[in-house]
Structures are given as structure tokens and as C-alpha cells.
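The two complexes that follow have chain A in common; it is paired with chain B in the first and with chain C in the second.
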Partner chain A sequence: MLHYLEEELEKLKEKIIKMGSLVEEQIDNSFKALFEGDLDLAQKVISRDDEVDKFDVKIDKHCQRIFALTQPVAFDLRLIMSSLMINSDLERMGDISVNIAERVKVLLGQGELLRKMIVDDMSVKVKKIVKMSIDCFVNGDAELAKSIINFDEEIDRLDRKIFDLLTEEMRSNSDLIVPCCHILALVRNIERLSDHATNIAEDVIFLIDAKMVKHSKDPENLKPKE
Partner chain B sequence: MLMSDKKIITKNLDLYYSDNQALKNVSIEINEKKITALIGPSGCGKSTFLRTLNRLNDTIDNVRIEGEVKIDGVDIYDKRVDVVSLRRRVGMIFQKSNPFPKSIYENIVYGPRINGITGKKELDEIVEKNCIRAAIWDEVKDRLKESAMGLSGGQQQRVCIARALAVDPEILLMDEPASALDPISTAKIEELMFDLKKDLTIVIVTHNMQQAARVSDRCAFFLTGEIIEYNQTSKMFTKPEKEETQNYISGRFG
Partner chain C sequence: MLHYLEEELEKLKEKIIKMGSLVEEQIDNSFKALFEGDLDLAQKVISRDDEVDKFDVKIDKHCQRIFALTQPVAFDLRLIMSSLMINSDLERMGDISVNIAERVKVLLGQGELLRKMIVDDMSVKVKKIVKMSIDCFVNGDAELAKSIINFDEEIDRLDRKIFDLLTEEMRSNSDLIVPCCHILALVRNIERLSDHATNIAEDVIFLIDAKMVKHSKDPENLKPKE
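== the complex of A and B ==
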């Protein structure tokens, strides 16, 4: 029984890691398509979402099976609960990469405006936080997870800065209102990626430290361990 | 929590079978009208501990006990304590149901009769009341004069519970009461435990982790005669404090 449980948990972890790299690739490709104006790559991202969705269902079913057959407790229970939550966040991140890919067409030829609005800077930071969130799950690193939650605030500040840049641009040049509105919506999506990465970090803290930090404003929870 | 909520308190309890120490420095406070589960691998001392609570170990030769066991603040190992009256207050249910080879009715009135109750009406009432409390009334009310030995295992166990309840104990000790029963009989015993804890303090030894998780309010994990962890059951099964607890409850050893 024990051997079975350990094997199943290991398989589940592997699946989450695979789902994580699949979604990370989708995000990277959607940004690449956006900044290089590559419609083929954007289409590839859109088509591949089906693969992400199928993986999502596969992981949910696996968790259900472990719950039903092994009645997990303590760390094992938290691993399955956090896998379910992380899986759901990854699936949403996959959807967002599709949203980004879908916007490539309307923003074709706006590479300069995107750079002026520092969207490329934001994308670099978001890719980093997404990678960190997957890494902290893979390595069971609660300290890295705590640093992600603080990093998300930096991305939120960047988001507000881009908002100001966009409104200023629209005020000074009304011809740019339409592309700026698209960028506004795009940036909202990119910011959501960071929020999902933060959720994953919170789930890893739950997994490792057995602390529920989501919706918690208590800074004590995010202090590094002595 | 107020002191009065603690029904049983043991302090630095050591128990030896000859030279072999079976309990080591066990200190625990058991809450009144709650279910406390004792878990741990075979030979860890949980049943031995349970039996110290109604001095059942007194019947075994070469047992030596040091430390304190207090019920309602009174040391039950004090010379002035009457063991028969203690065991009336602290009832016990064993793993294997052990009805007397008598009728169902006679099983249940056995204790009350010893305590001097002889009136038929009163005894009838005791039988009905305690069969209802033990969730067996509907199944036996038309066959009270039949032998208890003819009942199924699950029914026999509930008759034993009715028999234990008939002398109005304050504490019920249960040593793996459902381990020989099928899931439906087990569920009945567990449900009746929930009903009983409105009036009684229950201490249960169980090897079934899911049962401990389902029925108990607090849980004590024993290992080689010591309590490794004593905690709220909900905490024990989600966030145990000790690694040994985590390993045991998840089936990694024991």
C-alpha cells in the first residue's frame, strides 16, 4: 500500500512538472510571437492549448484516484491538494498565453510602441516569476516561494507604470488610442500570469510549511526561516 | 481550557511488566465528554495505558506502576479507592465482543442487579434505555430472552456496550471495539460513539487510522511506551508536529 502511494505521488509530481514546462513553453512562445510579430508561432500556441487542457484533466483524475484509494494524510494530503490547486493555476496560465497569442495579429507592426510602453521589460520579469514558481514546486523550496510573493508586488508596480505611460501616449497621440487599448488589455493578461505564479508559490508554502498564506496580509507568514 | 474540563490526568506514569518497562513517563490530560484516540504500532503501550485507567492491570502478576492517574482529581491508585466502584465508573469494551452466555436481557441487567436493583419495572427500563443508547433496541426488543450468543458480531458488541452503559459509567474505554466488525457494524459503533460523548468521556484504542481521524477529538500517538505527540485530531492528520507521527499515520512504518 505504502509503496503504491509513494509511486503514485511521485508520478503525480512528475505530471505537474511536465504540465509546468508545457505551460512555460506556451508563455515563452506567446511572448516571442508578440515581440517578433510571428503569426505562425501565435497559431501554434493557440492550437497547443488543447494539449494543456487534456493534461489538466489527466492530473485532476490522477488526484481523484489517489484520494479515493489511499486516504492520504498530512504531507501526502497537502501534496495532492496543492497539486490540484497548482494544476488549476497552470491551466489558467495556459489560457492566458492563448489570449496573448490571439492579440499578436492586432498588434502586428507595433513592436516599437510595445517597447516604448516597456511591455518587453514586464514580459521578462513575468517569465522569470513563472519559472521561479515552477522551480519552487520542483525543489520544494518554501523560501523561494516567499520571495516570489514579494516579487509579484514589483510586477504590480510595473503594471501601474505602464498604465500611466499608455494614458499619456493616448492623450498626446489620438491615432494610437486603438493599439494602446490593445496593449492595455494585453498588459492586464500579463499581470494575471504573475498572479497565478504567486498562487503557485502560496501553494508551495502550504505544501512545505503547512501554512495557508493565501488572502493573508500577515507579513510574519512570509518571513524567511531563521 | 478550565481544569474541570479534564476528566483524566496522568502524570509521569511508568508501568513495568516485571523488568520490562511498557509505559514511560506518560503525562496526558483527557478532556471530559470528548473522544480521545490512542494510536500507535502493536506493542507501543496504548492498550496497557488504557487498562491503567480502570486498574485492569491490577489483575496481572508482576505489574508495577509509578506516577499518577487521576480521575476528577482523585488518584485512582490511592489505597482508599474501591476498585469495583472505580470500574463501575470506568466501563470497558474489548476488541472481541464478550457477552455472558445468558439472555440479552440478563446480560444488560447483570451490573444493575449486582448494584442492588431488583425491581422488574426498573430493570426493564434500564434494558430499554441502554439498548436505545447502544443503538441495538430495534434489533433485540422482540428477542430479549434469547441468548446473546446467537447475535451477530456487531450486535454482540453493541449488547456489550449496552451492558457497560447499564451501570451509568462516566468514562468508556474501548480497546479496538470495531476491529473484528464489517464496515456497516463499524459505522454503527462509530455513530453511537458520537451520541454517547454527549454524556460520557470516551478513550479508544484503534489501529485504524481512518477511524481515529473520523471519531476522535484528540489523538495521542504512542511509540515504545511513550507519547510522541498528543494533539487535536484535525491537526494531527493535516499538520503533525513530529516526523514520527507523519510517518506512522501515513503508513510509512508500524
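== the complex of A and C ==
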């Protein structure tokens, strides 16, 4: 039975890693489609969401099966619980990549405006934080996870800066009100990607350190160890 | 052992119901603070988030304890799994009520604009869908849960209508660009409340019908039975 559990947990971990790669690819492609105005690539992201959804259901069912057939404790139990939560965050990140892809059409030809509003800077930072969150799960790296939680604040600052840039731009040119509003909605989506990455990081810390850091206000919990 | 499991599941269900009431109250108060420009009430919502966070951790730990000490199957297993997911959605709805409360200050004195942009209509609909999602868990009502999933589309339509109203308003009066952008960001938050309510509804259907309807494109899965 112990051997069975070990094997199932290994398979579960592999599934989460594959789901992570798939969602990362969806996010990368949605940004590429946005900045290059590539409608075909945007459509590909939208169509591929089915694959993400199927993976999500598969992982949920796998967790359910392991719970029903074994009685995991300690690390094993935390691995299944965090897999459930991480899977849910990844699936929602997949949905957000679809939201981004769906906005490519209305923002077609606005590449210059997107760059002026530093949306590309934000996308680079968010792609990094998403990659880090998946890496920290793959490598069981709680220290990397802790650094993500601090990084999220940087994204929030950028988010506020873009808000100011957008309102300024709209005030100086009323023809840009509609595209700027689309960018504002887009940026809210991008910011949510970083929130989900933070959730994943918190789940990894729970998995490795057996400590729930979510809602923790103690900076010692969040600072990477020297 | 079976008796122990039953008792623990009952306690878990009670905790989720209490968490649901608390989050519902937070959402109601954040809207009240927004429309009445009540900064004290907004501050109360922000301060009370700690209570929501503590409840969230308590429920997570309770689920972990039940898993570690028993080997639940079938409905019992689904109840714990869905409690974990519902708890996570409720906690994020609590965070959104804080986001709404935090925006009360910048929208002070904009009650008329908020009503013109039909944000109050949207808040009424979203409060209803949130209440329904909690009720369907409390009463184990899968049919009510299915009607929520259809209701969510109505909110999306309202969301798009508000987007058009806002851009129109900004074009006709550039002094309103900043408050309208705050409203746009606010509406994105309100819309997310309805997404979380839909997630809860899907979890209730999984709990009651043992069927994963998330990502389902089959309308038969979603339609309330005649």
C-alpha cells in the first residue's frame, strides 16, 4: 500500500508539472499574441483552453482517488492538498490567458500604446513570477517561494503606476479612451496572474515547511533565509 | 471512528456556513460603504478581514486533521474536498470586499455617477448570486447551484454594458476620467465575486451529484431540472 501511495504521488506531481508547463505556454502565447497583434495565436490560446480544463479535471479526480484508496499523512497529505489548490490556481491562470487572448482583437494596432503604458514591462515581470511559482513547486524550493511573495508587491506598484499613466493618456487624448479602458481591464487580469502565482508559492511553503504563511503578517515568515 | 468522522464533518460544515455568513456580511458592508460614502464602515470591512483570514486557516487545518485521522470515501470525501475549495473561494471573496472598501475613499461623493453607471444594479445582482451560492451549500441544493451557473452570464452582460457606459461618460466629460477608471476597476472586482460564487456552485454540484460540471459545455448539466 505504501508503495502504491508513493507511485501515485509521483504520478500526481508529474501531472501538476505538465499542467504548469501547459499554462505557462498559454500565458506566454497570450502575451506574444497581444504584443505582436497575432490573431491566429490568440485563437490558438482560446482553443487550447479545453486541454487545460481537461487536465484540471484529471488532477482533481486523481487526488480524489488517492484520498479514497489510501490514508496519507504528513508530507504526503500536504502534497495532495496543495496539489488540489495549485491545480485550481493553474486552471484559473489558464482562464486569464484566454481573457488576454480575447482582448487581442480590440487592441489590434495598439502595440505602441501598450508599450507606452509599460504593459510589456509588467508582462515580463509577471511571466517571471509565474515561472518562479512553478519552479518552486517542481524543485520543492520553499526559499524561492518566499521570494515570490515579496515580488508580488512590486507588481502591485507597477499596477498603480500604469493606472496613472492610463488616466493621463486619456485626459490628453480622448480618442484613446476606449483602447486605454481595454488596457486597464487587461492590466487587472495580468495582476491577477501574479496573485495566483503568489497563492501557489504559499501552497509550496505549506507543503515544504508545513507552515501556513497565507495571511501571515510576520515578515520573518516571508523573508528568504540568509 | 465512523461516529467521530460524522461529528467532524458536521463541525466542518458549520464552520463553512459561518465563514459564508461572515463573507456575505463583508460584501454587503463594502457595498453599503461604497454607495453611502461611509468611510467608517469601509474601515470596519478592512479591519475585519483578519477574522476572515483566521477562519480560512482554521477550516484548512480542520480538513487536514480529518484527512489525517480518517479515511473518508464517497460523499464524505467529496464534502471535505469541496469544503477546501469553497473555503478558498470564500476567502478570496473576502479579499474582494476589502478591495471594494479600499476604493470607497477615492469614490467619495461619486454616488450619483455610480448609480448612473448602474453599479448599484450590478451590486444587487451579485449580492443575490453570492447569497444563492452559500444557500445552495447550506441546503445541499444542486438545482439552485445549476441556476447560478446560468445567472453568471447575466452578470457578464451587465459588465460589458457598464464598460460602454463608462467610456461614453469619459468621452463626454474628461473631468470624470479618473473616477470612471476607478469604477471600471471596481466593476472588475464585483464581476469576480460572481465568478467565485459560480465556483462554489460547481463545487456544490460535485458534492451532491458527484459530477464535475466545471468546464462542462453540455447544457443538460447546467439546466435546472423541470
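The working rule: the second predicted complex is superposed on the first by the 224 of 226 C-alpha atoms of A that agree within 3 Å, B and C clash if a C-alpha of one lies under 4 Å from a C-alpha of the other, contacts with A are read in each partner's own complex, and residues count from 1 in each chain.
In this section, a contact is a pair of C-beta atoms (placed from the backbone, for glycine too) under 8 Å apart; a residue touches a chain by one contact, two chains touch by 3 or more.
Please read all numbers here as calculations on a predicted model, not as lab measurements.
Trainee: On chain A, which partner's contacts cover more residues, chain B's or chain C's?
Mentor: Answer, by number of touched residues of chain A: C.
Trainee: So, A:L39: does it touch chain B (first), chain C (second), both, or neither?
Mentor: Neither partner.
Trainee: Regarding the shared-chain residue A:I17, is it in contact with chain B (first), chain C (second), both, or neither?
Mentor: A:I17 sits against neither chain B nor chain C.
Trainee: Using the superposition on chain A described above, determine whether A:F75 touches chain B (first), chain C (second), both, or neither.
Mentor: A:F75 contacts chain B only, not chain C.
Trainee: Output check: A:V124 vs chain B and chain C. Expected answer is one of first, second, both, neither. What do you get?
Mentor: neither
Trainee: Just chain B (first), just chain C (second), both, or neither: which does A:D56 touch?
Mentor: Only chain C; A:D56 stays clear of chain B.
Trainee: Applying the touch criterion given at the start, work out whether A:L5 contacts chain B, chain C, both or neither, answering first, second, both or neither.
Mentor: first
Trainee: Which chain A residues come up in both lists, the one for chain B and the one for chain C?
Mentor: 71-74, 77-78
Trainee: Which part of chain A faces chain B closely enough to touch in the complex?
Mentor: 1-2, 5, 71-78, 210
Trainee: Given the complex with chain A, which residues does chain C contribute to the contact?
Mentor: That would be residues 50, 53-54, 56-57, 60-61, 63-64, 67-68, 70-74, 77-78, 81, 84-85, 88, 163, 166-167, 170-171, 174, 177-178, 181, 184-185, 188, 212, 214-215 of chain C.
Trainee: Sort out for me which residues of chain B touch chain A in the complex.
Mentor: 209-210, 213, 237-240, 245-246, 249-252
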